[in-house]
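Order of writing sets the labels: A, B and C. Residues in every chain begin at 1.
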Amino acid sequence: MDHTAGELARYLGAKLIGDEHAVIQGVASPERAHSTDLIYLGSPRNFDRVARSAALCVVAAPGTAMARKTVLEVADPKFGFAKAAALVLAEPVTPVSVDPTAIIAPGAHLAPDVTVGPYAVIEDGVTVGARSAIGAFCFLGRGAVIGEDCRLHPRVTLYADARLGKRVEVHAGAVIGSDGFGYVFGEGRHWKFPQIGAIEIGDEVEIGANTTIDRGSLDSTRIRRGVKVDNLVQIAHNVEIGEHSILAAQTGVSGSSTLGRGVTVGGQVGIADHCTLEDGAVAGAQAGIPTGKTIRRGQTVWGTPARPLDKFKQQYAWLQRLPEFAERLSKLEQRTLKPDGA
Amino acid sequence: MDHTAGELARYLGAKLIGDEHAVIQGVASPERAHSTDLIYLGSPRNFDRVARSAALCVVAAPGTAMARKTVLEVADPKFGFAKAAALVLAEPVTPVSVDPTAIIAPGAHLAPDVTVGPYAVIEDGVTVGARSAIGAFCFLGRGAVIGEDCRLHPRVTLYADARLGKRVEVHAGAVIGSDGFGYVFGEGRHWKFPQIGAIEIGDEVEIGANTTIDRGSLDSTRIRRGVKVDNLVQIAHNVEIGEHSILAAQTGVSGSSTLGRGVTVGGQVGIADHCTLEDGAVAGAQAGIPTGKTIRRGQTVWGTPARPLDKFKQQYAWLQRLPEFAERLSKLEQRTLKPDGA
Amino acid sequence: MDHTAGELARYLGAKLIGDEHAVIQGVASPERAHSTDLIYLGSPRNFDRVARSAALCVVAAPGTAMARKTVLEVADPKFGFAKAAALVLAEPVTPVSVDPTAIIAPGAHLAPDVTVGPYAVIEDGVTVGARSAIGAFCFLGRGAVIGEDCRLHPRVTLYADARLGKRVEVHAGAVIGSDGFGYVFGEGRHWKFPQIGAIEIGDEVEIGANTTIDRGSLDSTRIRRGVKVDNLVQIAHNVEIGEHSILAAQTGVSGSSTLGRGVTVGGQVGIADHCTLEDGAVAGAQAGIPTGKTIRRGQTVWGTPARPLDKFKQQYAWLQRLPEFAERLSKLEQRTLKPDGA
C-alpha cells in the first residue's frame, strides 16, 4: 500500500523537511533503493552512501541537511526507520483461505478469517484466533491455542495444549511444547520424569527457525510478552522468560531457570538449571552460567563460568601479563641468590 | 486408566500408610494437584507445599508422617514417583488407525496394529513393528526399520535404511541418518567422502526435538540401548554411544568418537573427533574435549580444553589470585632494591 | 552402474597394477567390503586391514605392493577414493516423477525432468532447474529459484525468493531465507528491523540437516560456490561466506560477518557480528570471535576470545605453571625476610 512522506511524518511524530506528498512504497538500503523506497541515515559516516541513493525520502537526525531529499527528522533514526517499516511493510489484507488439503478436526475452532496453508494438520480442540495464518505443514496438537494475528511459517509443530498469545510469529521448523529432558535413574535404567506441564507464549513474541521450547514437567514453561528468540535456541522445561527479553541464536536455557524483564542473552550462551537473571541482566556471547547462579539486576557477565565483564577483562589482562611476571620472578631469584645484588 | 494406592504400592514395592483404595488418576506438582493426583515429597524443605496440596496420595521417604494423606513409602521418592508415573500416564490403548492421507509404499511392512498419522510418507522396504505410532509428516526412507512400541512425533525424518530398536521415542523435527560431514580437498574443490554407512538406534532410546544424527561414512553410527538425547544435539558419523548414556541439549559429538556406558554429557559440550569417554565419565556443560582425547572411567571433566574438575577449579582459583601475586611481587622488588630492607 | 578398474584408473589418472577388467560396483571400508567394492589404503598402519579385505581393488600410494589385489596408484589415496566414489556412487538416472500429491502453483516453472516428492509445496513464481530433485514435504516459497542438478532432501524450507545455484544439496529440515534477528527498542518494546533482503547460495554448496540460514535484512546473505555447511549451523543476515569454506556443526555466524575463501571453521564456533575472517583463516572448535574482529589470512585462532593458536597454547601453559610461581614467590619472600638468607 502506498504511503506519503507526510503520512509517515505524522505516524512517527517527525519533523518533515521537503515534499510531504513524496510517495513511499517500500524500505531499502541506500544502494538498493528505488526512488520510492524509504532509507535512513543512522550515522554521519554513512552520509555519502545516503546522499547518493536514488531514494527520495530519508529518516535522519535533526539538522541533517540533504539536498534533493525529503527528510523525516527523528531523535533515533534507526528506530524511526524500523517503526516506519512496520507500517510500510504491513502486509495487505489478502483473501483469506483455508487450503483444501489442510486437515482440520471437526472439534477445532477457527475464527472465520484464519488462513491455513496446504497440508497443515489441526487436531481436535485447537483454537485459532482471528486473522492468524497457519503455514504449510504446520502441526497443531490437540487442544493447542493460538491467539489473534499470529503467523506460523511452514512446518511449525505445536505439541498438545501449547498456548500462543496474540501477534506471535513463529519461524519454520520451530517445535513448541516438546517433552522436557528429565529422568530418574533406578533399577538399571533411566525412568522418564513426567513431562506433562504447560507451555505459554505471550503476545508479540517472535521465535526463530528450528528453535525448540519444551513444555513444563509438572508446572509451566512461560515466555512473556515481547520476548524475541533467535534460531536454534533451546528453552527447557519450567523456564520463565520475562517481558521483552532477547535470546540470540544457539543459546540454551536449562530447566527451571528464570530470566527477568529486558534481559539480553548473546549467542551460544549456556544457562544451567535453576539460574536467575534479574531484570536487565546481560550475558555475553558464549557465556556459561553455572547451576543455581544469580546474575544481579543490570549486571553484564562474560565467560565460563560467567563473571562480571570488568572482572573478566581484568583476569584476561592478568593472564596476558604472566610472561612478564615470570621474568620479574626470575630476576628477583637471581638477585636474591646474590645478596650483595643491588 | 484409574489405579488405586494399593495397586501402586505393590507395583513400587512401597509400604502403604493410609487408604489402599484411594484412587489415582494422574500425577502433578503439589500446587496443581487434584485430589486424585499422585504427588511426591523429594526433600524435607518441600514438606509444607506437599502437606497443603489437594492431593490425597504422596510418595515419600520412610517415616514421613503426613496427616490426612495416604503415603507410599519408598527409599527414593523421586524415582518412585517417576516409576509410578510410567504406569499412571501409560496411554490407554487407542483405536489403531492409519490415516488415509498417509502414503505407504506397497513394499512396506507394517504390523497390523501400527498407527500412522496424516501425511506420513513410508517408502518401499520399510518395516514398522507392532504398536508403533508414526506421527504426521514423518518420512521413513527406503528400507528403514522401526521396532515395536516406538513413538515418532510429527515431522521426524529417517533417511534410507536407518534402524530403530523397540520402545524408541523420537521428538518432532529430529533427523536420523543424514549424511556425515566429510570431504577431501583436491583439484580445487571439496570432494565428498562417501557417507553410505549404517545408523542403528537401540531399544528405549529417546531423541529430542530437532536433533540430528548422521549415518556412518563407511561404517556405522550406533546409539545403544537406553541412551537419552536432548534437543538440538548433533551426533556425527561413526560415533558410538554406550548404554544408558545421557547427552544434554546442544551438545555435539564429532566423527568416530566413542562414549562408553553411563556417560553423562552436559549441555553445549563439544566432543571433537576420535575421542573416547570411558564408562561413567562426566563432561560438564560447555566442556570442549580435543581431538583424540580419552576421558578415563568415572572421571569428571570441565572447561575447554577439558580437564579434571579439580584441576579446573584449582586453575580458576589460581587465576583469581593473580592480583595478589602481582602485589607480592612488587613488594619483593621494592625490598630487593633496598637490600637493608627488613 | 558397474565400472572396471581400468576405467577408474583413467578417470583418476592412476597407474594400474593388476587386472584392468576387475569390476567395481561400490565403495566400502576394508572390513565391510565385498570383492567388487573399491577400498583405499590411506596410511601404512592400515596395511593389514586392507590386505585382509575381501575387496579386490585398492586405491593406494605409489609403490604399495599388495598380493592378489589390483592397485590404483595415486599420490593422495583418500582423495582418489573420494573422487572414485563420486563416479561409482553416482545415482543412476531414475525415472523422473512428480508425485501427484505435490502442490505446484500454476505459475511455477519446473524443467521437464525434475523430480518432486510427495506432499511438496511449490509456490507461485518458483523456478526449478533441470534434473533437480525436490524431496517430500519441501516448501519452496514464492519466487524461489533452484538451479540444475540440485537435491533437496525431505522437509527443506525455502522462504520466498531464496536462490540456490547448481548442484546444491540441502539436508532434511534445513531452513533457508528465514528472517534475520534484528530489532530496535523504542516506545517500550522491540520493533523488528526490516528483514527483506536476499539470500543466495552458490553452486556445489552442501547444507546440513536442521541448519538455518537467514536472508539479508536490507542487503544479501551470500554463500559462495563450494561451501560446505554441517548440521545445526546458524548463519545470520548479511553474512558472506567465500568459496570452498567449511563450517562444522553447531557453529554460528552473526550478522554482517564476512568469511573469505577457503576458511575452515570448527564445531560450535561463535563468530560475532561484523567480523572478518580472511582467506584461509582457521577457527578451532568452540572458538569465540568477538564483534568486529579480523582474523588475518591463513591465521589459526583458538579459544574465547579467539587468539592465535600459539598464543593460546602459551597462555594455557603459563596458567598451568601458576602453582610453581606461587611456590617460588613464597620461597623468595621467606629469604627476603631473612636478609642474610643465601
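One rule holds for everything that comes next: a residue touches a chain if its C-beta (ideal position, glycine included) is under 8 Å from a C-beta of that chain, and two chains touch if they have at least 3 such contacts.
These numbers come from a predicted model, not from an experiment.
Considering chain B as a copy of chain C, what rotation angle in degrees (nearest 5) results from a C-alpha superposition of the former onto the latter?
That pair's rotation angle lands at 120 degrees.
Same or different for chain A and chain C, when you check if over half of the residue numbers at their contact belong to both copies?
different
Please work out the Cα centroid separation of chain A and chain C, and write it as a whole number of Å.
Here chain A and chain C have centroids separated by 27 Å.
For chain A, write out the residues touching at least two other chains, lowest number first.
119, 137, 155, 173, 210, 232, 250, 268, 319, 322, 325, 329, 332, 336, 339
Using the touch definition up top, name the residues of chain A that touch chain C in the complex.
27-29, 31-32, 76, 78-79, 81-83, 85-86, 89, 101, 117-119, 135-137, 153-155, 171-173, 204, 206, 208-210, 226, 228, 230-232, 244, 246, 248-250, 266-268, 285-286, 303, 316, 319-320, 322-323, 325-326, 329, 332-333, 336-339
Mind pulling up the chain C residues that touch chain A in the complex?
Interface residues on chain C, with respect to chain A: 103, 119, 121, 137, 139, 141, 155, 157, 159, 173, 175, 178-179, 181, 183-194, 196-197, 210, 212, 214, 218-219, 232, 234, 236, 250, 252, 254, 268, 270, 272, 288, 290, 304-305, 314-315, 318-319, 321-322, 325, 328-329, 332, 335-336, 339-342.
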